[in-house]
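Think of it as A, B, C and D in the order they're written, each chain with its own count starting at 1.
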Amino acid sequence: MSPVPPVLAMEQVTQAYSHPRTALFRAPGTFTVLDCIDFHVHAGEAVGLVGESGAGKTTLTRILTGMEKPQSGRVLFEGADIWQAGPAERARFRRSVQMVLQNPRSSLDPRMKIGTALLEPMRSLRIDGNHLDRLTEVLGQVGLDTSALERFPHEFSGGQLQRIAIARALMPNPRVLVADEPVSALDVSIQAQVLNLLKDLVRDLGLSLVFIAHDLSVVAYTTHRASVIAGGRIVETGPPVELFTRPKAPQTQNLVSAVLTVNSGLSGNAL
Amino acid sequence: MPVYIARKLAFFLLAVFAASVLIFLLIRGAGGNVAAVILGKDATAEAINALSRQYGLDRPLPVQYFDWIGNLFRGDLGRSFRTNEPVTDLVVSRLSISIPLCLSGLVLGLLIAIPAGTYSALNSDKPVGALIALLSQVGIAVPVFWAGILLSLLFGVRLGWLPTGGWTNWDSNFWGAVRSLVLPVISLGLILGASLTRYVRSAVLDVMNQDYVRTARATGMTRMQALLRVGLRNAALPIATVVGLQIAELIGGTVIIETVFSLPGLSRMILANVAAREVIVVQSTVMLIIVFVMLVNLIVDLLYGVLDPRVRLTR
Amino acid sequence: MSAAATTPVPARPKKRRGRRNLTLTIGLVVTIAFIAMAAVSFFYLPHNPNVPRIPDRLLPAGSPRYLLGTDALGRDIFSQLMVGARTSLMVGAGGALIALVIGTIAGLSAAAFGRIADETISRSADIMLSIPGMVTALVLAATIGSGTLTTILALSAFFTPSFTRVIRSAALSVLQEDFITAARLYARPTWFILLRHVLPNVAGVMIVQFTLYFAAGILTEAGLSYLGVGVTRPSISWGMMLNEAQQQVGISSPLAMWPGLSIVIVVLGLNLLGDGLRDVLDPKLARRTS
Amino acid sequence: MSVPNAIEVVDLVVGVDELSAVRGVSFAVPARGRMGLVGESGSGKSMTAMALMGLLPPGWQARGRVLHDGVDLLTLSDKALSSRRGRTISMVFQDPMSSLNPVRRVGDQIADVIHRHMGVTRRAAHAQAIDLMTQMNLPRPEQLARAFPHQISGGQKQRIMIAMALACYPQLIIADEPTTALDVTVQKQVLRLLNAATRERNSALLMITHDLPVIAAMCDTVAVMYAGRIVEHGPVQKVFRTPRHHYTRGLLDSQPTMDNIALDGSSRLHSIPGMVPPLHALPSGCAFHPRCPAATDRCRTSMPEIDATGAACWHPVPVAAPAEAAS
């Protein structure tokens, strides 16, 4: 274990929700969404989280980004519990952990100009400085130019909007980028563009990346280390190459065997 | 389903209770001293006090409220201040006009709206569909009393086929009573039908665009079969909800139509009592109407539960 | 990356723009004419609509000094229609506006402030919805007396729950969008999200609903005044004119024509305007109900 | 011709008002053949399928010829077409969640199709439905038949949909993104089922998807669509191993799968620049030219047709340089 604490971590996080009542004379049951989750990301590291829908990915993301408080367990930013932290530290956490969401059409307010939307995190998090320079810089980093600022979201394609969403997340100069299925709503020919962009950002800016997806190959392309989540538990963690070649947990084996490739299809042994 | 029924029943009871408190407070609170309201501006203080004492209006509000509710449960709607007649007796004969009028209006409205709305939805890109949509727009804009006036002008005055107003009792002349109700029911049904057509049309349009209707057609149903066997059954759910909501409006229409055609129904009685400031009578009869509407809504909700297996089997 | 990445997607040409524009134009013209008629009535009336002139009674439309003739007491019909427009405008718009304000606040609160707030507000709205508006108006008339203000109050009480439901469901669908998640992530408080993100995105729904309830308000007011529990003289309402026409000269009189036609035209105009606006402002809803 | 075609499409154009989503598409699926139609959103692949089924949305028109079972489907009335839909030609849709009637039991929904087309009694149809559900590897079919759609899982719903599509041994089954809405681990099982069941019934398969690996695993031939036209067409082995159109090649190279990436994170994916053009603003000439590395003036002005290379391209990818997918 390195002496430097991970930039973002969860320790023993458990979260349960209650079912809606289904019978008149029976107490509503609860179900555990996350069960004793340990998860961390170091500075400059890209980690993946793979699982099927309903495995607990969304809840984990919400807890990791401080949007939901875990019922038990701790969320640590640079070694300090964010739910025990003072206002200054909490503000720093908010600035440092940013998110890219799945559906780019939905993640930008249709009534807000791109320029305003990009400045929103700066205003909300009360970050001073020359925002105009920052806007130009960040737009350059995602491959757009400043003519985008005066436009509304409906004037852009899905791929462009996802770049804008990434730009918004970069605005406060974060340390960690949490990307929740950032390419699954995009066309195949656009997915590679966005994946490459995320990879470049990790390399060039020294960002940490938490990449959440249902597709093991996409995670393998983008990250150094990946965890497989199933039924609210992390069942296996390791470098993607290990997960692919020597999966141990049955859930990992399922995910690996679900992967289809063109070559395996052409050789006739895919199904 | 048991949970669903229990929840709907509980809500019904809560709604009736809340509405009764609301009506009670509105009448006691907004109007000031009830006895003063009843006796009018010129009443002396002694007269007001005497009346208050006689009817227990000087007791604390909660006592008066529970007294009123308790009596309602026993079917006692109170007595008129002026004539001292029991309100219950007044109401029953009136209901024999209002309820048939209201329900026939609803049935006629549905008989117009379901075919018209469905037809215009299926032909939404053709002139016929647009025409029906336009007619329904116009129908929505026509005040129900004006429709009543125009109809009685045409069928009553000009053609002389049907009475333009008045009432003969069911017992004394059954067909006369029916004839008296024809024009009122048509006015009510036409106007209700116009607005329901719009809802039916949008519900059918919505359902016919659903994936499962596409599946039905992909497995060999014609457009018409898909509509009749799959579409309407599913469109019934939102339509039932809308009908429930329209009941309240239907009551308003009934009140007006009874006035247009001088039918001695419940609403005419309420209007007369409003004019005469018979506060207690108004309070009780209004409560009766509200319970009726809520009961219809409850039935619609339960019907919804039966129609929709997602509700029936899981909750 | 690619230099062309900021090239905007060209706007898609709108289909069937013609028919939508027609609806909107007719609605707009009728509404403007209606408002103008009401506005002019404050400065100019051909005759005093409340002063009887028995010698001139029951003149037909097109009489020398009376454009649409006179009623049974010799009062000018056209002047009465103008003042009636004023009443319809005030009562309809007033009732709808109060309902809009309260309904928006209640609807946004129900959508944004958790399950308990939602249940309380939604169930209260459900209860109020099952109290017929006419009944509310009657009770108010019985207790505080009829008049313009009572009518506005009754209308707003009647419309508020429906407004609340519409705004709530519109707000709920906006709140599900990812840009709300993003705003929460960078710590925008709920009130800010409601004002800056939700309100602009439900504004279209609000305008459309306001127009439709404005129309419904005119209809309901006419009904109440027809029953004699709405506005009272010296205010004049189209519903009241119909009532007087029927009582004074019987239904066969042409007097019953003008106010009825006025109501139909104005209400139809407002509804067309609402539908036209819905196509422009609220495409999601338009697909469902057009 | 030795083998009759399950379907033959000639010069199909599908559009609404002035917009065309499909701009002159021709292909044929031989009896018992398996063809893939691959494309991104807006390529016109789903509209092609809807035109074949006669299920275009209101206002949409199809021109051209669609020959199936000796008739041109585009000339048939709704009634005549209905007697074929579900019997000789059937379809599996993308979203099983919303594709089943929510108020009818799933067993009855399968039995309805059998009863409608096979002229058997309700009782017999129901027995066949249960039988079919067993063949679809559905657990406890008698019990499941009594369930409503909301009570069963997505994968089960899609199996029910496949059962309905296969119930009458159709000559052709069209599957439009049949696994996209399903969980990854379920996808493969459903594909396997679809593969085996269509073969057993001697049905031809037209697989419509954006997912190249699915085509590679299931199909013999493939047509690649871009902006409403087929840009490359041929046997899967040839097209995927030696793509001649730059778009096909770009698609193959940008797949984020083990074909293209090393698992240690060292590799870099090829990507196609730019974006899919919207229907109302298609580029002149070859619609792909703004994104194409080999585009010249000729590509900007005139539209290429498919030639002997199998690709509609003025400057096809040289065969000497095999795509990475084949390396």
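Definition applied: a contact is a pair of C-beta atoms (placed from the backbone, for glycine too) under 8 Å apart; a residue touches a chain by one contact, two chains touch by 3 or more.
Here the structure is a predicted model, which means the values were calculated and not measured.
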item: Touching chain C and also chain D, the following chains; value: A, B
item: Number of hops, chain A to chain D, where each hop joins two touching chains; value: 1
item: Chain located farthest away, centre of chain A as origin (C-alpha); value: B
item: B-C or A-C, whichever has more C-beta pairs in contact; value: B-C
item: Central chain of the complex, centres being mean CA coordinates; value: C
item: Distance between chain centroids, defined by C-alpha means - chain B, chain C (Å); value: 22
item: Mean-CA-position distance for chain C and chain A (Å); value: 47
item: Chain B and chain D: spacing of chain centres that average the CA atoms, whole Å; value: 52
item: Set of chain B residues in contact with two or more other chains; value: 314
item: Two or more partner chains touched - positions in chain D; value: 273, 275
item: Interface hub residues of chain A, defined as touching at least two other chains; value: 157, 160, 193
item: Chain B contact footprint on chain D (complex, rising order); value: 53, 55, 58-59, 78-79, 82-87, 90-91, 93, 95, 98-104, 112-113, 116-117, 148, 150-151, 161, 164-165
item: Chain B residues within the chain C interface of the complex; value: 11, 14-15, 18-19, 22-23, 26-27, 30-31, 37, 137-138, 140-146, 149-150, 152-153, 157, 164, 198, 202, 205-206, 245, 247-249, 251-252, 255-256, 259-260, 270-271, 273-275, 277, 279, 282-283, 286, 289-290, 293-294, 297
item: Chain C residues within the chain A interface of the complex; value: 1-2, 5-6, 8-9, 11, 177-179, 181-188, 192, 197, 200-201
item: Parts of chain A lying in touch with chain D, wherever the complex brings them together; value: 46, 52-53, 157-160, 187-193, 195-196, 199, 214-215, 217-218, 220-224, 239-241, 244-245, 254-255, 257-266, 270-271
item: Chain B residues within the chain D interface of the complex; value: 124-125, 210-212, 214-223, 225, 230, 233-234, 307-310, 313-314
